[in-house]
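Order of writing sets the labels: A, B, C, D, E and F. Residues in every chain begin at 1.
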């Protein structure tokens, strides 16, 4: 299972990075979204997740890591998800404004054919 | 007083939240902003005084032992950073209050939240919490930079945002791996575990901390990650760009904090590995940034490159890893923050006095209010080029004096040659902007003079430099002690881990 | 009364939902459920200009039973068609003329049509006189229309007068 | 736990899983969007419904006592499935190259006010 | 026996998910893909309930409830986009 | 008192600069008062200094770094201070009349006084670092002075050139001084001067000497760095007279004298300094002959004389040192007067070009006489001061011991330089004052009296020293030489007549040959036609241009404004730093065995991987990518579900929906498709990097999570219920253990809302495609969603309340509140919803933040740290026990911020469309309604 988890994260990372390196703002944002999935899973994986032991305490079950998975990475991922969403929102809006103001959705604000070098 | 360490975060946070309740009326917003500013200055000063007693203040949030919850840790260095930020913020706020704050929606709220983020990043002793406050300050900086802007600023903003989100993603990757390998997020606790790491884990820990290093260097604009900074800073509104000068310092600070405490002298096999990378990177960055300053088409771009150069100088100072060099670096950090901030403000005033030419260096244009602006530019230029007697010189010579014997040739050559490049660059700009200024054509009215608030703001920043020059001895004594504290992390780590909660049971 | 309890069925639904969610009955939970049952429909009412008038509970229950049976029956029917060869299927659209005028009634009808496998309500004409229905296997359009009108629309007209 | 209960549970699970599968099979197999649109209904009605009932029984007998919370899931599906089906159909109609809709019968004489009233009430706020 | 049935049912639902995924990836039209995604959500509800039975835990109920209640919002928005481009008119 | 002496010029500079609108005379007097008072103070010290005392004051500045504010008035300092102040007075006097009415006098005098202060500080400094401080200050102030006529290109260029060269030298000097301090163990001059032997024996002596000499040579314009000096002549003449004859260029030789005891005495020193000095001596003198500009000639002459002084100090014998000190004085006096004379000529004739000048002796006889006398002093004619030191120089050259070749070379150089010196002096005199009077179209007459007085004083000094040296200069020379050599001065005599010896022969020879040379050259070719372009300037400009070009090319080749490159470098940097330590296969060492993988897990894996890859494959068709990425989100939620993270699954699901909403809203304003990237190579490269990163991450994660965990989380589990009163440990961490994170997190969320609001509030963006027709009417979905709405709200409240003990909590509940509302926006339109449910989302965020902070602050009232949780269990009469945890208050804050933030973002994005075309029926401007908040 560890390998599946690790390789899933790897696939997400690879896909995310490929999109991150594209030239259009929307593609970059898609890439960042995929990367944020990857990082969330990565942090989550750092807690050595197991099946069926959610960290919600039940009566009569000893409160040890033998009975519950590590809750800390989950809390971290929650924070990370929220922050990633906030960042995505800002990035999207900036991309919209950049497109509207600069008449191109190229990340550099100009079509590669239109403008030469600086 | 017991709650002093948390106040630098709470005061601006509450102020920022209150801004949202008063709506768009500028009067109440300014009142809140200045009240908070005053409170923050007082808090920061008190904090520095407390920290200078030599003990590490540990504030256990939620009354949890440091390794379970989040602990704020105040040593001399973090107190110095908080104080620097507060001192910097006041003139920036003043400058913005001359009109920009009306034009940029939510300026005051974002400004306060940015301060909260900065202070949080300086004070926290927890690695993940550091990430969170990085994000707070970053997202507030997006707002500050872009609110009220358009066109090219949006393009620069898109770069800035995308770049930083990428860096933050890497931050999370590093955090996840480090947590997976050490099982903790508290830096003091982590330092202990890194020191005692299984030999099989060492390479992995180093890989993780390598990614972390990339993140911090990206925020601090170190080679090869510095490229985002010039366009970002030169497109930001003046007051904001001035405030941003402390943001690269956050990255430098984070490197200093993490790579002295967690991977510092106590870290066993990993002790100080990062410095081997940072010295050449810092030197290369310094050279490139100085060339950039020379090549800049505008004054603001030039100042942006100088910001990078100052961060690179800091990296050089810190990577030398001696108490004297770290101390010199801390001193240099403070002064370079003020001087580059002042230059951003001056550049803006110059820009507004030159009509369409703006702050472009390749065009001769009339300059209104030449005498005052010329004087400001002169003082700031002297300071930024590291000429005596201003603190830039003191910091530089303290740094040079602190270079250990083996590195003298390399570091001295770099620092001295780049100082010359900075000098040439500033002389060129001053000559182009002030000296070459023609008279206003007949009939053309001279631009409205810079507002008093703007001039005072720039003057205050330069005044800091004067003050810093005069009290260099006590400041350097403080930074000496701060460096000693940083480079001997064991007592700090013990203090943090050993601090007992008020009511709760301590951690075993 | 209407002012504080705009829609009794909705309030009831909220209350039932609450009690189902919290599972274990306690006076405090019941009180909270009641409070929500009053408050939330009021809030929702601000968004809904057309209030539902709900009558004839027995008819509604009977209709519910009919629909449940139809769901099971048509599920089997459609499953058989899906598993069989595709040529046996001849899909098509029909326009079902509506006598219902109440939007709640139309909504209920459309929902029932959709929930019953084999038919999907695709569009309500702009004048709300016709409902476009797609049939998975349309043999006799008129019969489909007649069935819908008789089995579902008629009781709905009673429920939502 | 009686055998009858067990058999019932297994049957419910079998039926539920079967219809979920058939729904997706239809989705994957059929050749045209509007045909496929019928598939998921099986999953969301009978498929999930049967699994829900099985779950209620399971938790009532084997777990922490009777709870009817699963009914809520079916309830919500009954509210939401028509909305999504309706909108997807509308989307497909909007994209269709040629209008597949049978023509409407000739319009009746407009009955003054009656049909328009509610519609205006509904949409009035939206047009500016 | 119930346990086996639950596990088998989970595999069947998993198969259904793969079929839905196929449609999602295959298209050909945008509504087809939306439909694939929507079905994937519905399959997930069944899977979550089965998983709860499998582990004898009701802790996954909320997730299923949320999907049932709000999972269609994505479908609605995507469809609205296809229809109008502007999802909040 | 020494402090006062030093402070005077600075204080008066400030006064002069501040006091605008006072008469020029008053400004001048104010300015002159600084050197005058300074001279008085110096006079007061004179007896003490002459008697061998060294008055000294020390203040701490940065003692720990060795930088003391230490002033020390020994003989050398005393002499230089006198020079700086004395000539300073004359210059001020002269400048008062020299400056035209359009020049800004206060600025000029302020700069001049600033420079004077810097010079004084440098000569008085008793601490080497302090000396460097003032040294650099002279560079800066001279930059200002040279560039004083800012409208002139040559002035600006000359100023920058001077600053560049001397600034570079200053930096080198800083390095040298730091090394010197390191070697000597102190920066205090006393200590350094006393440890000459140790210094010369130190292995760092050579680099130290090189750096210090670089500083000295740049400042004193030694070959080959001499070329800046002629270009500095663009400055007003008082500046040239002061800086470029008497003071600043003397700073270099001053330092040479100052550090002589510490540095001199090695072969390295001897050869380098005397070699450079000799070269400068010749190059300067030869070039001076061919200048056409009076000031240019004087500048090259200055270079030559500075070379002479340098050479003398290089020879290092006590006598040579005395001669060097002596020549410093003499040169200052005659050269200052010559510059002033040149200034007068320029002032009166309007030109300094010797090709256009001539016959001035008839038009301004008195000035001409003065200038001629001074030129003769420059040429080293007997009975003038220049002669004396030149004699001493010849004598020293002939007496070099132990280096025969050197003796010969230096002697020849000295002789040649003497010849050239006579030639250019002659040219100065002949071309300017003799011959036919020019026709310059203006009347030329004697300058104002006060402008001449300074020249008179200086020329009188030349004569006095030259005729009766023993009575005039001897005590001064002795005092100042003692400052260099200490009490043991060599025997020397300042008599005019030493008998008929070789030096005298050389003097006479050079005189004769010099005259011959000048007239010979004139005979041979037209000296006026010779245009000597400054090679140094060309090289300098070329270098600066090349540097700028290099900087430009380098900078913009790297920072080319291309985000893709920035991101690529970031990714690569991370890859390299992560891979480096693992290169030797350390990755898998220590990895343990994993858990078995259920088949169903592979299904989820397949959904995840397939959807992620499909997102990449379809990314150019953006809508499709969005549909597919939804499946990735779903798969991630499923991973969370299966691996025991219900809270995460819920959050992921909800955020997924909001994200899709966000992207769809944005997609309306972006192109529907991405154009295909032009470069296939780049795609392949990116794929390779992405693949490498993917593999790397896989390896890192696998290696990490197969190792045993050593987390502290066990303690969190154990202390969650008893101390934080919650059984959902994840939520307890969020609102209690790590509540501060959550506070930051909601701050981020709230700020995101504010940023979006700020960016979109007034913007009206144009959609890429507008589908014709009115807004979609969706009566049936609207109806159903209205039914759903209150139910969803109830679920939201439920999730909120139970969050502390079961999956749920403020964040999830906030989104469960927001998404149904979003659905209302989608189905009913934003105006419809906002008219009926008028939330002020901005305020909602503010209140939420305050609620969260307030809950934390409440703990402070109980003397507990911020965010300490509290707990109460009141039993209500009818309802039974009511468990209350303070965390609930915090969670309310989270709830409000999340709801407010999410809705603010979504509603803003729904309201940016442009004004819709007015429906046919409507008239007038149907502007969309204002946005919330």
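Note that a contact is a pair of C-beta atoms (placed from the backbone, for glycine too) under 8 Å apart; a residue touches a chain by one contact, two chains touch by 3 or more.
Labels paired with UniProt names: A = Na+/H+ antiporter subunit C; B = Monovalent cation/H+ antiporter subunit D; C = Na+/H+ antiporter subunit E; D = Na+/H+ antiporter subunit G; E = K+/H+ antiporter subunit F; F = Monovalent cation/H+ antiporter subunit A.
Note that the structure is a prediction, hence the values are computed from the model and not measured.
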Smallest number of contact steps required from chain D to reach chain F: 1
Contacts common to chain C and chain D (chain labels): F
Minimal step count in the chain contact network, chain B to chain C: 2
Farthest-lying chain, centroid of Cα atoms versus that of chain D: F
Intercentroid distance (Cα basis), chain F paired with chain B, Å: 16
Separation of chain A from chain E, taking each centre as the mean of its C-alpha atoms, in whole Å: 22
Cα-centroid distance, chain A relative to chain F, in whole angstrom: 39
Gap in Å, rounded to a whole number, between the CA centres of chain E and chain D: 12
Shared interface positions of chain B, touching two or more other chains: 128, 132, 135, 139, 142-143, 146, 158-159, 162, 166, 173, 177, 179-180
Multi-chain contact residues (two or more partners), chain A: 20, 25, 28-29, 40, 42, 44-48, 51-52, 54, 56, 72, 76, 79, 83, 86-88, 90, 94-95, 97, 107-108
Shared interface positions of chain F, touching two or more other chains: 556, 561, 563, 567, 571, 642, 646, 667, 697, 701, 704-705, 709, 711-713, 716, 737-738, 741, 745, 748, 751-752, 755, 759, 775-777, 779-781, 784, 787-788, 791, 795, 806-807, 828-829, 836, 909
Touching pairs - complete list by chain label: A-B, A-E, A-F, B-F, C-D, C-F, D-E, D-F, E-F
Complex interface listing, chain B residues touching chain A: 128, 132, 135, 139, 142-143, 146, 150-152, 154-155, 157-159, 161-162, 165-166, 168-169, 172-173, 175-177, 179-180, 185
In the complex with chain E, residue positions of chain F that touch it: 599-600, 603, 606-607, 610-611, 614, 623-624, 626-628, 630-631, 634, 637-638, 641-642, 646, 649-650, 653-654, 656-657, 660-661, 664-665, 667-668, 767-771, 775-776, 781, 788, 791-792, 795, 799, 806-808, 816, 819-820, 822-823, 825-827, 829-830, 906-907, 909-911, 913
In the complex with chain C, residue positions of chain D that touch it: 18-19, 22, 25-26, 29-32, 34-35, 37-39, 41-42, 45-46, 67-69, 71-72, 78-79, 81-82, 85-86, 89-90, 93, 100-102, 104-105, 107-108, 114-116, 118-119, 121-122
Of all residues in chain C, those that touch chain F in their complex: 10, 13-14, 17-18, 21-22, 26-28, 31, 36, 40-41, 43-44, 46-48, 50, 103-104, 106-107, 110-111, 121, 124, 126, 128
Chain B-touching residues of chain F, taken from the complex the two chains share: 60-67, 107, 129, 132-134, 136-137, 139-140, 143-144, 147, 150-151, 156, 159-160, 163-164, 167-168, 170-172, 174-175, 178, 181-182, 544, 547-548, 550-552, 554-556, 558-559, 561, 563, 565-567, 569-574, 577-582, 584, 586-587, 589-590, 697, 700-701, 703-705, 707, 709-713, 715-716, 719, 723, 736-741, 743-745, 747-748, 750-752, 754-755, 757-759, 761, 842-843, 845-847, 849-850, 853, 857, 859-860, 863-869
